[in-house]
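Look for chain A in each of the two complexes below; its partner is chain B in the first and chain C in the second.
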Partner chain A sequence: MLEVKDLAVSHKKKLAIKNLSFKVADGEILGFIGADGAGKSSALNAIAGVIKFDGEILYNEFSYKSPKEAQKVKHDIGYMPQGIGLVLYKTLTIKEHLDFFTDIRDIKIDREFLEYKNHLLSMAGLEKFLERRAGDLSGGMMQKLSLVCTMLHRPKLLILDEPTTGVDPLSRIELWEILQQSAKEFNTISIISTAYMGEASKMDNILLFDEGEIIARGNSEQLIEEIKPFVYDKIETDKKHITISDTTYCLENLENQHQKPTLESLFFVNALKKDRLLPKLQIAKSKESIDKNVVVMKATKITKKFGDFYANRDVDCELKSGEILGLLGANGAGKTTFIKMLLGLLPLDGGELELFDKKIKNSDDRNKLKSQIGYVSQHFALYDDMTVRENMMFFASIHKIETLKAIKLIDNYSKELGFEKYLDEMPKSLPLGINQRFSLAVSILHEPKVLFLDEPTSGVDAIARAQFWELLKELKNKRGISILITTHYMSEAEFCDRVVLLKDGEKIADDRVENFYKKFPDAKSFEEIFLEYFR
Partner chain B sequence: MRLRIVKAYFIKEMIELIRTKMIMMPYLMPLLIVILFGYGIKMQVTGVRTLILDNDNSQISRKLILKFEHSKYFTTTVKNMSEKDALREMKKANIDAIIIIPSSFEKNSLKGVKTEIGVFIDASFPSRATTMSNYIQGVVMDLASDFHIDSSGVININTRNLFNQALRDEEMIVPGLIGMVLLISPAILTALIIAREKEEGTIFNFYSSSVSKLEFLVAKLSAIFFLVSIAIFVIFLVASYLFNLPFRGSFFLFWLASELYVFTALGFGLLVSILASSQIIAMIVTLMLTIIPAFMYSGMIMPISSMSGDAFITAHIYPVMYYNHIIYDTFLIGQGFKSATNISYLLILFTYGVVLFMLGLLFLKKEIK
Partner chain C sequence: MKIFLTILLKELVSFFRSFGLVILVIYFFTAEVYVAANGMEIEAKNVAVGVVDKSAGGMSKKILSNLHSPEFQTPKFYKSQKELSDAIYNKDIMVGMIFDEQFEKNYYKNLNPTINILIDSTTASQSLMAIGYIQNILMKFNNLKLPVALKMHKLFNQNADTGLFMGVSELLSVITLLTTILTAIAFVKEKESGTWDIMLLMPVNPKIIILAKSLSQIIIIMLGVTISVGLILFQSLDVPINGNLLNFFILTFFYVATTAGIGLFIAAVSKNIMQISQLSIVIMMPIIFLSGAWTPIYAMHPLLQYISAITPLSYYIEGCESIFFRGTEFIDLLPYFGGVLILGVILYWYGFRKIGKLF
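So, the complex of A and B:
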């Protein structure tokens, strides 16, 4: 049994979490969900006894009020902090990791342990890669190895901070199988935070976090039931509301059909309750007429090799004007490599590339087209020591935009994309969602025709993600910009016009989203379609 | 303390050091520093303030004076004063060298009778002194060949180094460098291997497990201690064979002092790594904390005894001075364990190391800052 009483954690003098109290029973899986910076990690750190906190934590007969006092329960704790492969030593092999963790956890090596270890390894599918170094593993494999290392000493209290973020759906399912089995077999208390709402349904109980407090608790059905009255089909209204995609959230009664809420809806209803209305994001219509169905990018049999390893092999891909093309695939499927080749950041090892009907043979061809292309990288390439405005001015001057025009553009975009009040702050102090929007603004300053986005929504919370997609649609509709976007959130495929699936560097499917659903009529979500291809 | 955990960390640390090639640091860096500095620190000397006492006043002596006056290496004054007064001038640091030409220098040298030019050199900076003495020798040789005098036999130069007698450059510099490298490389390595865990996040394995602070520190430090202990012998061989340093004292004393000193160096790195959150900060802070004192306050460049006020106190605060004293003793003097200073300095080093380690143990927290 674990009981948390009046937990409060401050981080750099700011209260990250306050008045947190809850109980978890043996064998229970408790989920923490909430936006970025809602205080989930702080709470987990406190329970794991690795950060100073106020309040009291009771674990069975032990009570601790500080990391020092937590020392006596660490024997029972298995903690996996947030970050892909964070606890792994990049130069050590899988086998060396296992030996190391066996020793520092002081585990008695007997037949039972060896069986358990092999069982974990085979569940994680790692037994064939024992000699491979952690640095050479894909993100999904790293997370699975981290989990195996965390569970090696059979912790009675398992604390996992976003163990599945950045992990492909297949690996995620496998991770969950390990977790659920451990909860059942060893009566483990598991506390798990996640960014994937789909996983919340696998949890026995959920705590929904917002601004350092719990705003809702219960299992996923209960939570969804609670917000049912506030979710409607899309409708225009003067009452306070939030409309995203084809759903309208409103706390007052609306004359419209109710919609079945999802767990994501929780965040929107909460935002309404807290009176945090979303700024209406609208982009001015381009004056030029928009041609549809013109091929702007055509890749033929593109290949990239790293040593003996094919990162991309004979990938064909076409991007038409005014289209959002989603590039989906597991970690290490070759998505980033592909985008980098399109951008000319990596040379092609084979195949041909055409941009705007021109064959790209050398960097000269490409430089002529640079002004037509915008790019947002996986880790937003912003300067941390300059304010948002200074960053934007800098990028404007890189694109040789006149100062006066640049000031006007920045003014416009910051209003349209809703980060006006953050203009004079440092990117580091801003939520990821704001950074993401402002990176997008930077990438369209020079009015490109094509936009390449590499996992722009990774790590961003549900509301910010939804807003970001709204923006992309605006860009497509009002500006006619073609967008190529990579993502590992399968649910985001629904927002794309067309989807290309990559697996091990090769294209395995390429179709319009509605056609995928025709092909798999039983599939309830794109995640299930994805799994059909990868199983 | 559970040895199993220490062993696991030790092995892990070794594998990481080997695969990241960092293992070369405790060997490559000291060798580079010793070789580059050992050969490199030779200061060129110009404008040596030279006082010539001409007791002969002959053609040859005047010619000799002329040669000194025409050389850019010397700023010459000729005075008629007593040797004693001249030495007093040197003590006041008004002149660097005194050349005394004996009476009947011309007569004797032309006849082939042995004669002796007296030279006094201010040798507080040994390398400078050596150079000055070489220059003076050169000028006298030159003179001798002008007058077809067999210089080697007839004109002797009796050089006396004042204030710092009979020291070669290497003999002064190289032991000092040992004190420098044995401080820097263990300190940096320690700071790096702990800061790296913080930077990469693997420190959570320590935070969230039952591994104790003592186990963690002993494991981390013993890995570096082991590597640097081997380096001690390598450096000793380089000093002895590459630089032909004499070794007059006790090797056991040298080894013991070195190990204790390395222990204190580990403490420096440990403290830095507790404060620093990234490898780069750890590296820069450690460098600042170690290089400057190891260079300035070690007695290598400037004798501690001639320091005053703050500098004197600073020199005594850092451990470098104590180690260097013992090192100079073992290489050049050889008093060994008979010297009470050596023994007390050993104790100081030991205490220093223990205090740093305890501080590290105290300040290390199993929690996120």
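So, the complex of A and C:
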């Protein structure tokens, strides 16, 4: 039994988590769900006894209030930090990892242990790859190996920080199978955080995190049941509401059809309850006419090799004007490499590339097109030591936009994208959602015809993500900008016009979104559709 | 041109906003130079002397009265040779002098009087200097009629104050190290934070980016040099300026551009700031040691002398010392300008090409 009483964690005087109390029974899987920075990791770290915290944690008969006191329960804890393969050593083989973790935990090697070890290995499906080095494993296999190493000393309390983030859908299901089986067989307490709402149904109990607080708790059916009355089909209303995509959230009664809520809906209802209404984001229509169905980018058999390893192999891809193309895949599937080759940041090792009907052969061909391309890199990299306004002025000036026009543009965009309050702050101090929109504004300052976005929604909370997709649609409809976007959230496929699915550097699916549903009429979600391609 | 200025301004703004870096640069240009000038002492100064005097005491007192500050501390007296050698062993004193019973008698009888001297040679140069001084003092008491009289004229640095040279040398070394590191950081910081890709995608000629970025760092260094020369060299250390200060600044500008070239090279091959610091030390230390900053070039092994001829710092140091101390005219400085310029063009061109390939 684990009981947490009034847990609070602060980083540099800023409260990361406050007044957290909950109980978990043996054999139970407790899930932490929430965006980056909502306090999930802080809570997990505190329970694992690796950071300082206030409050009290009771584990069976032990009570601890500090990392030092937690020492006595450490042999019962299995802790896996956030990040793929973080506990692994790239140059060691799977077998060497197991031996190392056995030795470092000082585990007695007897028949019972060997049986247990082999059981774990077969659950993870790793027994055939004992001689393979960790550096050569896929992201999913790395996470499975990390989990096996974490469970080697038979922990009674498993603390896993986002073990499935960025892992391909099939491996995610396999990871969950291991977790569910071990909870049942060994009666372990598991506390698992995740960024995927879809995994909630596999948890016995869920704590929903938002800004360091728990906004809802219960199992997934209970949670969805609770908010049912607030979720409607899209409708115009004067009452306080949030409308996103084809759903309207309102706390008061509306004369409209109810919609079946999802777990994401919880965040919108919570925002309404806390009176955090969303700013209306709109982009002015461009005066130029928009011609559709022109091929903007055409890649044929694009290949990239790093040593013996193919990061991309014979990938074909086409982007038409006024289209949102989603490039989906797990971490390490080759999404970023692909986008970097399209942008010319990495040379092609094979294949051909056409941009705006011109074959790209050398850097001169590219330089002519640079002003037509916009790019938002992973983690929104902009200059950290300049304010938002200065950053925007800098890029405007680089793109030879006149100063007066630039000031006007910045003014417009900051209002349209809802970050005018933050214009004179440093990018680092901004919430990720604001950073995301400000990076988008920077990338469209020079009115490009095509926009490349590398994982812009990763780590951003559900509301900001939904808003961001709305914005992209606006850009597409009102400006006719073609958009190529990468993401590891399979569920985001529904916002795209067309989807290209990558696995281990190769294309495994490429179709319009509606066609996917036609092909798999029984599938409930895109997660399930794509799973078929990974099998 | 507007783009060039925009990038230049952006680099300056981001430098002055990174508090740690500003403090580091200020420290190197002020405290570091000052400490090197005052802390590194090659001359004997403040030497502790111990004495065992078994003689009658008249003559020995006369001799000892010549051991005074700033070179020597007031001598301490010990009862026996044992106590004296213990004191040296314990590092209480550096030089021990023993006057035996016969000393005074022998002195007046011209019977080769001897003073035994014990010396702690772990501080080799200081103790040798101290012996030199003591010998000089004893010369006065020798009744020898020297056939040749030495009359010394110290040129350029009348007090033979090594601190001045040390200060200038250190400043030149600081310029060398900081220029490479700052230039390299200006580029690699972007690699680390991921803005490098964005920079590559801007519709700007890469040459403009490289020039603007390196010029911004050159400006920062020149500012630092101005502060250091004004505040530390002239104000605190009282370094003379016998030549034209403008020549110094022009020469420095060329030299800084040269080192910026090395910085560009380092930036091209480093992935992060850690690698910059390792590489700059590996590359710059030999340049500094071989340049004649700490040892005159003519005292080196012949092979090393050839190598030092291709380090830009050696020309720069000679040039600067000529300007500060010798007051050399511009026309006679031309070899130094030439050396720095030729090597500078080669190094900057090489670094420029190397980093240009990344674009």
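Throughout what follows, the second predicted complex is superposed on the first by the 510 of 535 C-alpha atoms of A that agree within 3 Å, B and C clash if a C-alpha of one lies under 4 Å from a C-alpha of the other, contacts with A are read in each partner's own complex, and residues count from 1 in each chain.
As a convention for this text, contacts are C-beta pairs under 8 Å (C-beta built on N, C-alpha and C of every residue); 3 or more make two chains touch, one makes a residue touch a chain.
In this text, all values refer to a predicted model and were calculated from it rather than measured experimentally.
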{"item": "Combined model on chain A where chain B meets chain C, clash or fit", "value": "clash"}
{"item": "Contacts of A:88 with chain B and chain C, given as first, second, both or neither", "value": "first"}
{"item": "First, second, both or neither for A:52, with chain B first and chain C second", "value": "first"}
{"item": "Contacts of A:397 with chain B and chain C, given as first, second, both or neither", "value": "second"}
{"item": "First, second, both or neither for A:377, with chain B first and chain C second", "value": "second"}
{"item": "First (chain B), second (chain C), both or neither touched by A:423", "value": "neither"}
{"item": "Chain C region in steric overlap with chain B, selected from 8-16, 134-142 or 350-358", "value": "134-142"}
{"item": "Of all residues in chain C, those that touch chain A in their complex", "value": "2-3, 6-7, 10, 13-14, 17-18, 193-195, 197-198, 200-204, 359"}
{"item": "Contacting residues of chain A [partner chain B, same complex]", "value": "45, 48-52, 67-68, 71, 74-75, 77-79, 81, 83, 86-92, 96, 99-101, 103-106, 133"}
{"item": "Sites on chain A touched by chain C in the complex", "value": "340, 343-345, 363, 367, 370-371, 373, 375, 377-379, 381-386, 390, 394-395, 397-400"}
{"item": "Chain A partner contacts - residues on chain B that touch it in the complex", "value": "2, 4-5, 7-9, 11-12, 15-16, 19-20, 200-202, 204-205, 207-212, 365-368"}
